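See the structures that follow.
Both complexes below contain subunit A, partnered by subunit B and then by subunit C.
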Partner chain A sequence: MLRLFDPLRTLLALLLLLAGLWWARTGDYFGREILAEMAVFAIAAMGLDLLAGFPRLVSMGHGLFVGIGAYGYAVATALWGWSWPAAILLALALSALAGLLVGLATVRARDVFYIMATLAFGQMGYVWVVRSAELGGDDGLAGVPRPELAALGLDLGDSATFATLLVLLAAAVYLLLGRLLASGFGRTLVAIGQNERRVRALGIAPGPYRVAATTVSGTVAGFAGVLAAMHSMYVSPELFHWTWSGEVLTMAILGGVGSLVGPALGAAAVVWLKYAVSGWTEYWGLFLGLFLILAVWTGGQGLYGYLERLRAWLLRTLTRQEEADARGDRTGQTLRRSHRHRPGVAAGGEG
Partner chain B sequence: MTAAYWLTQLLNALQYSMLLFVLSVGLTVVFGLMNFVNLAHGTFYALGAFIGWSLLRATGSFWLALVGAPLLVAAIAAVLYGAMIARMQRAGHLAQVLATLGLVFMGVEVMRIIWGDFALDFAAPPLLQGHVQLFGLVYPAYRLFVIALGLLAMVALWLLLERTALGAMVRAAVDHADMAAALGVRVDRLFFGMFCFGCALAALAGVVAAPIFSVYPGMGIEILIPTLIVVVVGGLGSLKGAVAGSLLVGFVDTFGQVLLPQLAGIVVYALLALTLLLRPQGLFPARA
Partner chain C sequence: MSLQVARGERLAVIGPNGAGKTTLFNLLCGELRPSGGMIRIQGRDVTREDAVARARRGLSRSFQQNTLFDEVRVRDNLALAVLARRRRSWVFWRDPARDPDIAREVEDLAHRLALAEVLDQPVGTLAYGTRRQLEIALALAREPEVLMLDEPTAGMSPEETRAILALVKQLPESMTVVLIEHDLDLVFEFARRVVVLDYGRVVFDGTPEEARRSPVVREIYMGSEA
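Our next item is the complex of A and B:
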């Protein structure tokens, strides 16, 4: 279960938000571009966490939703001349619809089958777009406008304003998803992740919850796609490709799934690393792959998992002298266990 | 749309199916046997094609490349097995998917570093470069060779799995690994052998595909998706499933492009969605 006001989670989220806002104000142009990219990936990774971290449905096809969101916005604005609010609504509606359909098609798929099926469906969008002349095929679509907010005194063409807006939007997505996960709906998702059979035994059909979670997750990913299109003012079929989905999944795993803030941290860390090793960006996949393997080998709990361990250790050390030694120890253990990412459970739990 | 046209499409579909079969059988058997999900299977396919290309250039012999590349890739697979696959066996599917996804990302870059970023030409052997007259139809000899090789692999694998002691051990281990181990089967050695064998088959498919599709770093990433669809549609872990899945995917994809060109490439995903809804465990799963 995700506690809405877990102090560590809240603290880390606040730190990320403040660091983002501070960076948007003081960074140079290149730094603000990186920041905007971080925010886009953070939103996509948090949306993925809703599926991968809680009901433990590891989607490898989130590029589909990101691509649909990005292309929906790009086509509506650049090709059809729609106003930006209408274009955003269309993009969100389309990605929600895609989420609903993928959710329905995979509702019976378990474990590896789910991974393989989402992987395949994700690639379907790529094949479609690459072969479509109207959508620009391999070249993508250029000339995607950013929203006009002059009435509010904002110029989104300015990189500092745009980066600030994206950071704030990422924070809003974090709050929304956090609220959703703390609700009865969110708790049911967690229960499905822990033991789907038991959920059935309790009289709850997991299917509709799974479909609903995929729809929400797809919509969030579509929103990330809209922002990606605005950010680069250009869309390409790469957004659909399954390696893009794999990259977002890497960020979520590296940051620590099942914590919501972890994937955001992972997105920031991976995007930062991508530019930090800029001399090597040509062979970026080498590093990305290495990070992924290391993240799995070190237990798959991600960066947030390590922070939780650190907290548990601190709690233990601080309470050692006191009488409540054993109790404090147990609290730390439970915390660690409930948030720990256990790949084995997904494999064995559903039989 | 003459009879010859349809016969050509039929042969094209068969040839694609055979390629998918050689690729997917390794993936599905490794899964059935070891409960191990290997997303890097396509990477071994690409690696086979590249190593085959280098062998062809060094020796000038296609046949040497056809035999040598799978052997070298099996050796690479053996090293990888020792370095990471063995210790990931009990780690669960998610960890395996992620770690082998890491291998996919790294593999593409390693191939780009060694062989460059461009598509490399790969000539078919002189013996198979021409066309063949067949029922009044002119068809590339090399593609017929691919079909023959696939059928040969199918029969050989069937004999191996159904008619030899080794095959019986493999089937026993797929059914119940612990029980087979209790009866004296060295299950871990069997796993190791089958993993390397499956990777060698992927490499074989890579060399065989090279003259048709040319050789480039992303080829493994591209072929992985149809291969996974074959495995999901056919059912995990069974030879029968790999045969049925590859024929279905090969024919649906080829005839989908001919009959519904506006939906080219999408039809096969409809097949996948349908299978997932009606038979989520696939057509012929090894363990029902």
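Our next item is the complex of A and C:
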């Protein structure tokens, strides 16, 4: 279960936020563009974690929601001339609706059938957009504006301002989802992921919780799509494609599903890898594969899982050290007693 | 087979392995659909209702194999069950498990089932017998009208078995308790009625004293132990 105030999780989230803000201030133009992309993917991956990490619904169709969000914003602004707040609301409403429908349609699907069903929905969206002349077909839609915030003294055309905003929005999504997961609803989602049979025996129907989680997850992915459209000021059918869905899922797994901060870390790591490695070889996917294998090597806990192990190991080592000190002490008798409950703390941290 | 259980009854279902005891439980609880026949609770036909609906009607069960939320704490397991009964799990913005009345109920349950000391431990790290106690605690947390325990003491030490027996004997008289059990001492001490299943049929139905004397029961069930 997500411990809302787990210090390790909070610390990592804070570090990512500070690193992002610092990078937005000091990085060059290209660096800021990468940072904005990281933030977009981090939001999508955290949204996916709500499904994949807690009720353990591994969606391979999140590109659908991202695409709907991006196209919703692009069409409303570039084609219909709507104001940006109205366009964002429309995009979020559409992706929420899509999440609701996909949730309802997949409510009985489990495991590999769920993966296949979500994959199919994503590809349906892709084919529909590619074939649609009004939506620009294969070429996509250009001329998507960024919000006008001159009234607040902000110019989102400036890459530093835009990247900073996206990093802050990613932090906001993290807090929002964290709060949701620590609620009664979140408790139930976690329980459904761990033992659906018992959930039913307790008189809780898992269906509505799954549908609600898919709706929220789809909305968050749609929001990532809106930001992606603003970022590149252009939308293409690629956003719908299953490779996009697969990439987001890869990020979540690499970072560690079920921790919320892990997928954000995974998003940053994969985007960084893509640019850093593609600078000197075309085969960046090969390195991504290697990293992914490494990340799932020890039980699929991802990068965040390694951090948890590191913490558990440190706690154990420290405890042993303290006990050794206590034994060396002449007044060891009383000291040892006060140390005795420490290993329990370490064990609790591991779980 | 036909079986009627009155309110407040203390019924033990026994029989050799493969007699269909757990299948009977799964049919009664709605996990399995019967191919024919009818299941009624308080006169109402529930044959077509699923496990969720029957749980809400006041049917609560424990499982033969521990069916718990292993990766979270004992406290979270109990809280979920309490929230489910009070219909407080559909809350998006806050954690109702932090409410004092819920927290108190969770602690009370933990005390009754000797789980107070492990409340904050992840279930997966607990000893088998302790998890078995949690299995019963989750079934009890719904404050059911009908409590169905599927081999609650399986794999437990004699002391733990005594503790479970003491607990089920303290349950309110109005609660109907149906028990599958292999420990015959426990059955004879606890039950007021014993039903013996063999190959999916009721081969005996009577008081524990009658069961002890019954030649049928001796032959097919206790015969192997005598």
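Here, the second predicted complex is superposed on the first by the 300 of 351 C-alpha atoms of A that agree within 3 Å, B and C clash if a C-alpha of one lies under 4 Å from a C-alpha of the other, contacts with A are read in each partner's own complex, and residues count from 1 in each chain.
The criterion applied here is as follows: a residue touches a chain if its C-beta (ideal position, glycine included) is under 8 Å from a C-beta of that chain, and two chains touch if they have at least 3 such contacts.
Only a predicted model underlies this, so the values are computations on that prediction, with no experimental measurement involved.
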So, does A:L89 touch the first partner subunit B, the second partner subunit C, both, or neither? neither
Tell me the contact category for A:R131 with respect to subunit B and subunit C: first, second, both or neither. first
Classify the contacts of A:R200 with the two partner chains as first (subunit B alone), second (subunit C alone), both, or neither. second
State whether A:R187 touches subunit B only (first), subunit C only (second), both chains, or neither. second
In the overlay, answer first, second, both or neither for which of subunit B and subunit C A:L97 touches. neither
A:L315 in the overlay: touching subunit B, subunit C, both, or neither? Say first, second, both or neither. neither
Give the label of whichever partner, subunit B or subunit C, reaches more residues of subunit A. B
Once chain A of both complexes is superposed, is A:R179 in touch with subunit B (first), subunit C (second), both, or neither? second
So which positions on subunit A get touched by both subunit B and subunit C? 347-348
Using the touch definition up top, name the residues of subunit A that touch subunit B in the complex. 56, 58, 60, 105-106, 108-113, 115-117, 119-121, 123-124, 127-128, 131, 242-243, 246, 249-250, 253, 283-286, 288-293, 295-297, 300, 342-348
Going by the contact rule set out above, which residues of subunit C touch subunit A in the complex? 29, 31, 50-52, 55-56, 60-61, 63, 67-73, 76, 79-81, 83-85, 88-97, 120-122, 124-125, 138-139, 141-142
What part of subunit A is in contact with subunit C in the complex they form? 1, 179-180, 182-188, 190-191, 194-195, 197-205, 208, 347-348, 351
Interfacial residue positions of subunit B with respect to subunit A in the complex: 31, 35, 37, 84, 88, 90-95, 97-99, 101-110, 112-113, 221, 225, 228-229, 231-232, 236, 264-266, 269, 272-273, 276-277, 280-281
